[in-house]
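Chain naming follows the written order as A, B, C and D, and within any one chain the residues start at number 1.
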Amino acid sequence: MPSLTLYDAVGEALGEEMRRNPGVLVFGEGVATKRHALVEEFGPLRVRNTPLSEGIIAGTAVGAAATGLRPVIDLLFAPFLCYAMDELVNSAGKLRYISGGQFAFPLVTLAMTGAGWGVGAQHNHNLEAWFVHSPGLKVVMPSNPADAKALLKTAIRDDNPVLFFLDIGLLYQPGEVPLGDQQLSLGLAAIAREGQDVTLVSYGKTVHHCLQAAHTLAEKGIAAEVIDLRSLKPLDEAAILASVTKTGRLIVVHEANRLCGVGAEIAALVAEYAFAALQAPIIRLGGPDAPVASSYPLEQAFVPQAETIAAAAQRLFSPHYA
Amino acid sequence: MPSLTLYDAVGEALGEEMRRNPGVLVFGEGVATKRHALVEEFGPLRVRNTPLSEGIIAGTAVGAAATGLRPVIDLLFAPFLCYAMDELVNSAGKLRYISGGQFAFPLVTLAMTGAGWGVGAQHNHNLEAWFVHSPGLKVVMPSNPADAKALLKTAIRDDNPVLFFLDIGLLYQPGEVPLGDQQLSLGLAAIAREGQDVTLVSYGKTVHHCLQAAHTLAEKGIAAEVIDLRSLKPLDEAAILASVTKTGRLIVVHEANRLCGVGAEIAALVAEYAFAALQAPIIRLGGPDAPVASSYPLEQAFVPQAETIAAAAQRLFSPHYA
Amino acid sequence: MATQPPQIDPRQLLEQMMLIRAYEEILIAGSVTGKIPGTCTSVGQEAAAVGVVNALTAADLILTNHRSAGHLLARGADPGRLLAEVMGRSDGYCKGKSGSLHISAKELGVVLTSTIVGAELSLAPGVALSQTMFGRPGIVVCFFGDGAACEGSFHESLNLAALWQLPILYVCENNQWQAFVHRREAMSREHVTDWAASYGIPARTVDGNDVVSVLAAAQAATAQVRESRRPCLLETWTYRSRGHFEPDDQSYVDSAEREAWLARDPIANCRDRLIADGRLDATEAAALVEKIASRIAVAQAFADASPFPAADELTRDVYA
Amino acid sequence: MATQPPQIDPRQLLEQMMLIRAYEEILIAGSVTGKIPGTCTSVGQEAAAVGVVNALTAADLILTNHRSAGHLLARGADPGRLLAEVMGRSDGYCKGKSGSLHISAKELGVVLTSTIVGAELSLAPGVALSQTMFGRPGIVVCFFGDGAACEGSFHESLNLAALWQLPILYVCENNQWQAFVHRREAMSREHVTDWAASYGIPARTVDGNDVVSVLAAAQAATAQVRESRRPCLLETWTYRSRGHFEPDDQSYVDSAEREAWLARDPIANCRDRLIADGRLDATEAAALVEKIASRIAVAQAFADASPFPAADELTRDVYA
């Protein structure tokens, strides 16, 4: 299997889907400059640079999607989504419903997110929970290049607006990516590691922190199951509930701010639908209620690390904990 | 005590705070037209109509707050906040931190939210969870005129940006409002009704639905405690945990979409910090993952009603439930 | 290359304006009794809607906003289905989910109505991009208000449309008001055309209360967009005769300004001129009133008979 | 009423530009070795920053963006504290929390730097409103790029500033690039002044690579803002000599355009002219280089010695 970075896996998915469907087009601030191979193959009308105007990039995608095109837009860093919230939330997410189902909005919005480059709070802010909260939108965040490629292909073929988050910390890490037209249903979690003692649920870069923690825990005799959500909406509720029903213990881990984050959603889900199976409190590990600092040590401290996860899991087995 | 609507209670709070501090000013689309008494008293420089441009209204408030003024802005309906997310989230919420504490942002953003007027999904969308999720912002949503007045006065004196949501369904309902300079700390929940069997946590109009449900439940011998959060960030975690520790049962109720909502946050909080006390699953009642329809019966069906709440509470006492 | 625009019988324009007025008058009456939810009416602005829409072909696509009854009816919308929509009934154009504020009707080419002021501007370039990429002949007409012109989306939309050469006719219905704010309190310049010209977009202001002038200007502008495949802007200078939303006491309105505009009512003007020109006689005028009244009665009966949406519509149409 | 602007020794302007260049050169070198995080430098644009900032008084307030080293240093920022900030150290102007992208320095009147392109424009009116409401004499200078001018906030900001008569000098540093997109791919018009004029805001383009011209234009513009208490706009026509961000191979850049601009380097131009005019001799020029090198060395030592923030800074400064 060829090895690709997540960034290049995205490029492959774009190329394959553009080849497959002439209605797919890509635009954004610099996308034609940076993905020059796509311009070469598909021409400047299907791969476009745009003015520095996130609102109109997103609005144009929504209008185009409603009338037959399948746009993919690159909005660069997640905080810049703040300039496109009306277009994404009030238009893309609601106009199908408001119109009584007359229109569909097949569009994908790419955005980079998370720690890794020391770029500070206005480039590094994990906003995926906002879009899970908002109706009519799907939300995807892969943890490796193979998933990124397959999920992006599915997202482009999906008739709904999809927010597709790329974890900055993973962007240039290579991984094996199968050749050919692989797809992955949205809403299907992966069991990244099996175990029966405690369930660690995560997505994006912290999946890897969970896997590291599971490794540490195994040495202490605790078998952790690691679930990589991959898609945050639809959410694979069945996989989460099945795992917790088996293990009786749950830790949810993500980099995004903890308050009203995806971790809260999962904890609430389990506290309602797998309560009887729970043998210990549900622990949430996530970013504090603070912006992210640029300074390297603070940026790192913001993200739940493997040691913290392992320590939390051990706490769940302490007889004094509850 | 005089009886005022929530709308007029807001007007009183504005007047009192403007009288108290010459740095307080109010602007927004039509605020000078609609709150004409304030213009009469404080003049057109401190009460201003603006162009139809939410972004610059919010941005201007942020810039003004950083340099000595204490603006209150009226952004009308919550979905219009989508046009001001950069200003509120990336600027107001983060620039204090990013600047290493050099600046403070004392500003209040008013927005109407929720069902009641059949205005559809682009006017009726409860977005408070977004701002709870975002660092640096405080979030308030009162359930009655007296609290609205006292909380708004506190919010205006607070040195942080506060999102202040006005529940449309409550806006013209009168309530007793004490005279004089009453204030209410942000982050202090009210026990709207005491009980020891089950805790109902809510805010805004659904507090009243919880109270109705508690009334029904009392007739069936179930004593429900109703907590009115009033402020969503800071959140009165102590009050919630104390109540659940006493009752062992929790239902969280709000109108906002359930996924990643404030209900998820509270359920997760309790599942982590009051787990030992829990005798039954935590139930969350909230809006579905759908926009709100304009059509009256659908608009009503979106909001958790008293019967649903009461039925859920009874389920918690069924021996077969878990 | 310029083809002569089709001749349109001005009596047809009058009839359309009268239909819009009559339709909105039942909305107003119903909002007083509480039978019909409040709406934003276009009373006084009918000429702007009718003049522009009659310059379009079936292949053209329309985006509109919260004040859309005129655009929809001029485009041939069924007043019964419109009213059902406003009343939240299942036979409305959007199954009652929109209500009055964001009615779209795909079958009429009225796509993507948003009540977020400025969103029509943000969506229009994408619709035009589809027309262009698929080589469709139609152009796009985007109706928006002077208020919408104050949103940042105005700037972004016009810049992109000019840059990407998108076939959009921007129609700004400048009705002097932005809800409860007069345009003078909101705009640094008198005319939206002042702004449009700065993008190199041909822009013109027309008397929005004279349907014949609007039609002629819209025919010229649509012809220019069709031929150049580039955007143009037309500002229809008109006045919102009633309040922002029904009911509204308009206590904040300058009465001299309002009186002057009321004296220029587009329907009375058009009718009087047709009569003066001998193109309409009293009998025909009365028959028109009659005809419209009976259409409206049928519409009302249709809407009244339409059921509210079933409970499972709460979560239907969210995802494709 | 117009008071004569103070005479400024052009050697002082040269020295400031050289300091900026030298400072950014250590950022560039450090980004190659990985010692210093990558930054957006203003190499080639020093004249625009220095010319404008030297036209200001201490009472004036500045908003800037991601490419701010020139503005900060011209305003008198300490290169050591700047460098510490870029390196994420606790002695930086923002305790290391900003990094290079959003450095503000209240003590210098550099307020509210946002790296969200367009946010500087959205924040400026509020700062000017404070100046006005408190009757402070200072004006506000808002630096932004040609890219920021494409954001909707540009439109909203200029409209409001014109309407509310806010004392803002908007300074658009048009450096031909918006990250990886040339301005021609992003703007429907050549000049940001084309847009500004449509708000009735006096606007002028100046050669941004000639510090003396920029200073003169900025003195005229600030004088106009001070007297009229209304906004003006100045576009400094210049070029981003290096890539968008360090490192950047600039493979996408038109080399002929770049070469032409490099030949007009603002520092070389200024120095050569001063020498030609006999206002600077070779010894003085060499001394200047020396002096700056030692300032930079001190700065580097200061930044290196500064500790990273303590762990509890993670959640400090979030709420007041």
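What we mean here is this: contacts are C-beta pairs under 8 Å (C-beta built on N, C-alpha and C of every residue); 3 or more make two chains touch, one makes a residue touch a chain.
This one's a predicted model, so the numbers in the text were calculated from it and none came from an experiment.
Peer 1: Which chains make contact with subunit B and with subunit C at once?
Peer 2: Per touch definition, common to subunit B and subunit C: A, D.
Peer 1: Taking each chain's centre as the mean of its C-alpha atoms, which one ends up farthest from the centre of subunit A?
Peer 2: With centres defined by C-alpha atoms, farthest from subunit A sits C.
Peer 1: Go ahead and note the Å separation of the Cα centroids belonging to subunit A and subunit B.
Peer 2: Spacing between the chain centres: roughly 29 Å.
Peer 1: Averaged over CA atoms, how far is the centre of subunit A from the centre of subunit D? Could you give it in whole Å?
Peer 2: Their C-alpha centroids are separated by 36 Å.
Peer 1: On a C-alpha centroid basis, what's the spacing between subunit C and subunit D, in Å?
Peer 2: Spacing between the chain centres: roughly 46 Å.
Peer 1: Once you find the CA centre of subunit A and the CA centre of subunit C, what distance in Å lies between them?
Peer 2: The separation of the two C-alpha centroids amounts to 41 Å.
Peer 1: Can you pull out the residues of subunit D that are in contact with at least two other chains?
Peer 2: 95-98, 102, 114, 116, 118, 150-153, 156, 159, 163, 185-187, 318
Peer 1: Please set out, as single numbers or ranges, the residues of subunit B touching at least two other chains.
Peer 2: Residues 50-51, 53, 55-56, 79, 82-83, 86, 90, 97-98, 120-122, 135-136, 288-291, 293 of subunit B touch two or more partner chains.
Peer 1: Is the chain-to-chain touch network here best called a line, a ring, a star, complete, or other?
Peer 2: Contact map by chain: complete.
Peer 1: Along subunit C, where are the residues that touch subunit D in the complex?
Peer 2: Counting only subunit C, the residues touching subunit D are 150-156, 158-159, 162-163, 185-189, 194-195, 197-201.
Peer 1: Quick one: in the complex, what on subunit B touches subunit A?
Peer 2: Contacts found on subunit B: 79, 81-83, 85-86, 89-90, 93-94, 97-98, 120-122, 125, 129-130, 132-136, 233, 235, 256-257, 259-265, 267-268, 270-273, 275-276, 278, 280-284, 288-291, 293, 322.
Peer 1: Which residues, counting only subunit A, touch subunit D once they are in their complex?
Peer 2: Against subunit D, subunit A makes touches at 29-30, 33-34, 36, 49-56, 79-80, 82-83, 117-123, 288-291, 293-298, 301-302.
Peer 1: Touching residues of subunit A toward subunit C in the complex: what are they?
Peer 2: Contacts found on subunit A: 23, 25, 45, 48, 50-51, 53, 55-56, 58-69, 71, 86-87, 90-91, 95-106, 135-136, 138, 158-160.
Peer 1: Considering the complex alone, what residue numbers of subunit D touch subunit B?
Peer 2: Residues 61, 63, 92-98, 102, 104-106, 111-114, 116, 118-119, 121-131, 133-134, 152-153, 156-157, 159-160, 163-164, 316-320 of subunit D touch subunit B in their complex.
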